[in-house]
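One chain, subunit A, appears in both complexes that follow, with subunit B as partner in the first and subunit C in the second.
Entry: the complex of A and B
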């Protein structure tokens, strides 16, 4: 919870005023609470939450004395003015603060010993500091049934609620899902949903973070730990490329909770998390977690220990008939990738290193245009979203865009084949699937006509249309003040590219029989887009797989080396805006597993050419020296909030281009979305049961009818790349002649329909 | 039949003026044509200002001054909102003005709209006033048909129309910013001020919001001139005011009096017919329930803003509630506490929790379960609430009870010692 807004005390327009007898300075117009906080004077608050919106003055906790104004003022809504005289600790102010706390506590159950919030509770803390110290309330307290399930993930204890309205305002003004409301009035006020149904939306968990009492608690975290027997570690979410800064709560070596940070990263997520990022941590332990190493030979697969498996892997690699390939997955860390590159230059000299992702070549000019960070959206008057659907793929982006639209009236324009999750706040420019190029002159005109526009663009859709990507790059460059944010696909795509790792080359080398073995690092090519091509290329090449969970690649790998997940191991991820941020070690993970970086270093040792470092920090330091893309950063530079990498040059990875396959015009356009709600983490999380849904091919009613399919029927879908069988869902708001699928859902294989280098695809839909 | 002979003239007092013809026959709709023909909007605002008319909803803020706060250079649409959410206990003056003289209100709102440059007026009427809402709806229809509302009113360039909007039953919606929230379709809760409605009111646009009685006073002021109105009553409290009198009096009802010319005693004993035989005045809440209570010793106070304030209370809405010596002041205080607890919107903590606490304390006193310390506790509780809240509702809860405890401490001590038995039901006409 970010109780106070950051204040820049070094700004130029400071004004002087008197605070508790001392002459101080703060920027004019800053709210008194924030100025006081920045100046080291605590003014207690409950309802004030600058991230949610303007002050509402409901809780009355922040009463202070301002000379010349009658009575007491709420410091949350009183701006700093030159020469004002403020007293936050005078007898009058103290009496005001005590009064409000005594009244707030009158009906509060004071069940702190059995309250999850106890020990990290603002009501407790502020009562301790500012409260009257003694209760005089002898009447019977207000009673409610407690707790009730506000949703499958959030428990609501109405007795503890102090009606600060933060959760309601979050729902109404930040997520704008319109679901939460205050019901009844006066002392009977209670938080509820309008419909009476569960509060199910994409960002609900944030109301737990903003609740200043124990009224809203996480059901999966309920009664799991006390604040004094946990450790909190700042980390970064690795489920999508936004790179939200998180805090991991650990107890007994297990991640028990993920929450937004008390000190949010305003350049990135501003403290808000999506529900997947908040609750999917339990998926680390779901079915399929690799607890022990596996070695597969003619006699079948056997589980073994890490040392044994490393020996086996060493044999595989040493006996390889040709150079080795190393394939890095979309969330492999910078350290893992850098070590892989070092192996390719040392122990596995000549190894071909690639990443599993979208070729960078067609997007190189676009990526070289002026970059923005998420925080820059706050100042933009015009935001243009070209392709994609951030609500599903990079969820927290949606909140920034909503904030810009609602609070500042910024103009949001979405361009693409369907109305996105932003439909209610955005103006929409329609472009048929795979035909962004048709809208590009319109987009360019809007960019040219806007003062300081921020352009968000979808990696997958623009990579499929290189001409449109070039035109967009030209338009952004032409407006000297325009900036862009990539809506990327891969949690560490930018980090892998910064190391110069291409997406192409490796599969061709495999297919041509030039490679003798393959190491996969958090990569599952047999389930990835173009999986059929990967299967064909892999053939019988022996595979050493560094992986966290069982997947199609580990199922056939010669050696499986079980790795820790991003909730368990150290590393660095580079967000889609180019911000390098540290993932910190959280849970212990299975005894038989090890960090990916450690496994790779060990491989170097086993192969007889160990790298010169033993820790991820040292590996990163070596990488920062070797790779200019990392801008010479150190762990210290990154700190807890990360640091931006230098922008890539216009010819960076320009040669990383896949085969350009013309899609032709027959059949239906295929739109593949990397929906985090449909991915393995969300679908494997018990907490996120509400998001569990079978994979489906979503089409418009007319498209279904033309293919003689009804809602729920099974469709056979075929493309030049492969075939897939999926149930059909008829959905409103989709264009005709297009099929929408989500990538990454376990048990479904729409990835077969795609080419390994992505690009436009047309499919046939049959019953 | 209410007695409103002056400003709210029942010129044809025999029947309500609910048809346009009757209202015209009684001299209505002479002010609007006059203003449209002869008076510039800014000059009309000046007329309001010079008349000295003060807001009749309770706060008594000068109406013309309020209108002058609207920004002149705003590009946003401006609105006139008529506060007809008359919910103050003991107050029922607006009810009769709307039921018996709806066109005078419409004419007044139209004049205000012309003066500030608005094209739209809203009457936010208390939900329970179903009859009055129908009367107003019908009057609006008649006025539109006659070209008195709509586009090009009376062939002038003035476009102005009025919408009648019914509240859903919440006292808090009489507070102007809560009213605006409710009118916008939101939960009726007060807004943080500033900004004030004059700057950011309805739909965040400049808004003039006034009580029914205030706006209905405008036609006679325009008709007879600001000087005429200013000359009625004392200098700082000019004009006439309708008092709703209820409680232990023989003729409860609405009485229009010129401010400063009538004492509280005359209001009770002459206009309202006095008390039941053998009874004496125990307590009077002279301006609705939200004002400090007055006692028998205050009866000779003239009814105007300054005099009543000097006596320690407030003229408020003019809803005068009289209790004779058969009533228990502690029970009456509990009844008020219950009202404010029930009507507290719950937005700000001191009001939400304070009114709940106050009611529970008084309930214990009535039940004879309180101790003497509870009286001191209650006194400090007033200080815990007062001056801490977002809007004046809680002040309205504190004022009558705090003053009752001051004025009738002996009664409270007796009740703490013995409780307060349920009184005999009052017989009709007894």
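Entry: the complex of A and C
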């Protein structure tokens, strides 16, 4: 909860006024509460939440005395004016604050001992600091059934609600899902959804963070811990490339809660999290977690300890018939990747290092144009979203775009083949799947005609259309003030690229029989796009797999080295806007597992050529010296809010290009979406049961009919790359002659339909 | 009631309301005329006809005493309990009616046969006829004694239901 807006006391337009008898200065127009906070004077508040929108003055908690103004003023809606004389602790102000608290508590159950919020509750804290010691209210209080389930994830205790409207305003004005309202009136007022329906949307958990009392609590966290037996650690969400700053709440070595930070990162997520980022932490322990190392030989697989498995891995690598390949997964950290590169230059000299992702070459010119950060969307008058659907793939981006549209009147334009999650606030320019190039002159004209546009572009869709990517780069460069944000696919794609790691090369070397062994680091090529090609290339090459969960690659690996997850280990991720941010160690993880970076360092030791560092910090420092892409950053530079990396040069990784396979024009266009709600973390989380859905191929009604398929029927889909069998879902808002699939859903394999280097694909759809 | 019926009702009245939000009230009152209360489907239809979300429409409906989100009796009897009526004996009228219909004295409610709902009302503007009673949204009558009020309720129970429930 960010109770007060940040104030820049070094700004130029400062005005002087008197606060509690002292001469002070603050920027003109700052709200008094914020100015006071910045100047070290606390004015209590409840309803004020600058991130939600302009003040509404609903709770009256922030009463202060302003000389010359009649009565007491609400400091949350009174801007600083030159020479005003403000008293926040005078007798009059104190009386006002005490009376308001007495009233707010009149109907409050005062059940702090059994309330989850106790100990970290603004109502409790402010009552102690600003409230009256006693209440004069002796009548009976209102009673409600307590608590009720607002959804499967959020409990609502209506007796505790103080009607501040924060949650309702979040739902109406920030997420704009329109679901929460205040029903009834007066003492009977209650937070509710339509007819008591479950509050289901993409960002619901934020209402728990903004509630200043114990009315809204997280069901998975209820009664799990007290604030005094937990530690809170700032970290970063590793589920998508937005890189939202989070706070991990740990109790006895286990992550029990993920929430937005009290001091949000305004350049990134502004304190809001999507529900997947907030609740998927329990997926770290779901079935399939690797608790012990595995070594496989002619007699089958056996579990063993890490040391034994490292020896086995060393043997595999030493006996390899040819150089080794090292494949880094989309969320492998900068440290893990840097150590892998060092191994390739030392203990495993000659190793071929690559990342599992989309080749960077075709996007190099676009990535070299002027970058924006998420926070820059706030000030843009025009935002153009080219391809993709951020609501599903980089969820928190949606909230920024909604804020720009609703609060600043920005014009949002989406370009692409389908209705996105932004359909209600955006103007839409239609482009058939795989045909962004047809809309590019329209887009270029809009960019040219806008003052300081921000262009968001989808990595996968533009990589599949290099000509459109080039044209977009040219249009952005031509408008000197335009900036861009990549809607990336991989949580650390930008970090791996900053180290110069290509997506191509490794598979070809494998297929040509040039590699003697493969190390995978959080990478599962056998489930990734182009999995059939990967399988063919792998043949019977021995694999050493560093992984957190069982997957198709660990299933056949000779040695499996169990790693900690991003909720459990240190590291650095680089967001899609190029911001390097530190992931901190939260939970302990299984006893038999170790951090990925430690496993790789240990491998160096076992192979007889250890790297010169022993900690992730030292590994990062060495990497920052060796790789100019990291801009010489240190952990200190990154602090808790991260720091931007230098933008890549226009020829950075230009040679990282896959085979260009023409898709032809027969068949239906395949659109593969990396939907975080459909991915392993969300689908493996018990808390996110509401998002659990079997994988499906989504098509328009006409497309289904033409293929003689009905909703729910099983379809056989084939492409030049492979085949998949999926149930069909007829969905509104989709273009005809296209098939939409989500990547990464456990147990489904639409990845077979794609090429390993992505690119356009057309498919056949049959019953 | 369907969204189309509500639209047809609102169309000729639209010009009377500068803010489109103001249309929600007449829409709700009209939607209530078929059943006497607003079902989930009625609220959905009002939302569709006015362009607001169902939860917003429901929050408006829940705010007002004369918009019912739960079923009520065929006739709604509102007993004024504000000052003038209180001074002139509305307490006795209220208690007598509640007693007679077997209804909770604190909150009012609906008789077991589902015919009559007794509820409190604030000043109805008929202080000169205190204590007064309003039946649905049409007549306000008074002054009443406990007995004459009971007679009114008997009369209402015997009378045929109105064609439309305006409340």
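The working rule: the second predicted complex is superposed on the first by the 766 of 767 C-alpha atoms of A that agree within 3 Å, B and C clash if a C-alpha of one lies under 4 Å from a C-alpha of the other, contacts with A are read in each partner's own complex, and residues count from 1 in each chain.
Keep in mind that, in the parts below, a contact is a pair of C-beta atoms (placed from the backbone, for glycine too) under 8 Å apart; a residue touches a chain by one contact, two chains touch by 3 or more.
Bear in mind that the values here come from a model prediction, so they are computed numbers and not experimental data.
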Touching partner for A:107 - first (subunit B), second (subunit C), both, neither: first
Touching partner for A:179 - first (subunit B), second (subunit C), both, neither: second
First, second, both or neither for A:89, with subunit B first and subunit C second: neither
Dominant contact partner of subunit A by residue count, subunit C or subunit B: B
Contacts of A:162 with subunit B and subunit C, given as first, second, both or neither: first
First, second, both or neither for A:195, with subunit B first and subunit C second: second
Overlap of the subunit B and subunit C footprints on subunit A, listed as residue numbers: 181-182, 184-185
Residues on subunit A engaged by subunit C in the complex (per definition of touch): 178-185, 192-195
Residues on subunit B engaged by subunit A in the complex (per definition of touch): 170, 172, 187, 192, 341-350, 352-357, 360-361, 364, 377, 383-385, 387-390
Subunit B partner contacts - residues on subunit A that touch it in the complex: 55-61, 63, 71-72, 74, 77, 95-96, 99-100, 102-104, 106-107, 136-137, 139-140, 142, 162-163, 165, 181-182, 184-189
Complex interface listing, subunit C residues touching subunit A: 40, 43, 53-56, 58-59, 62-63
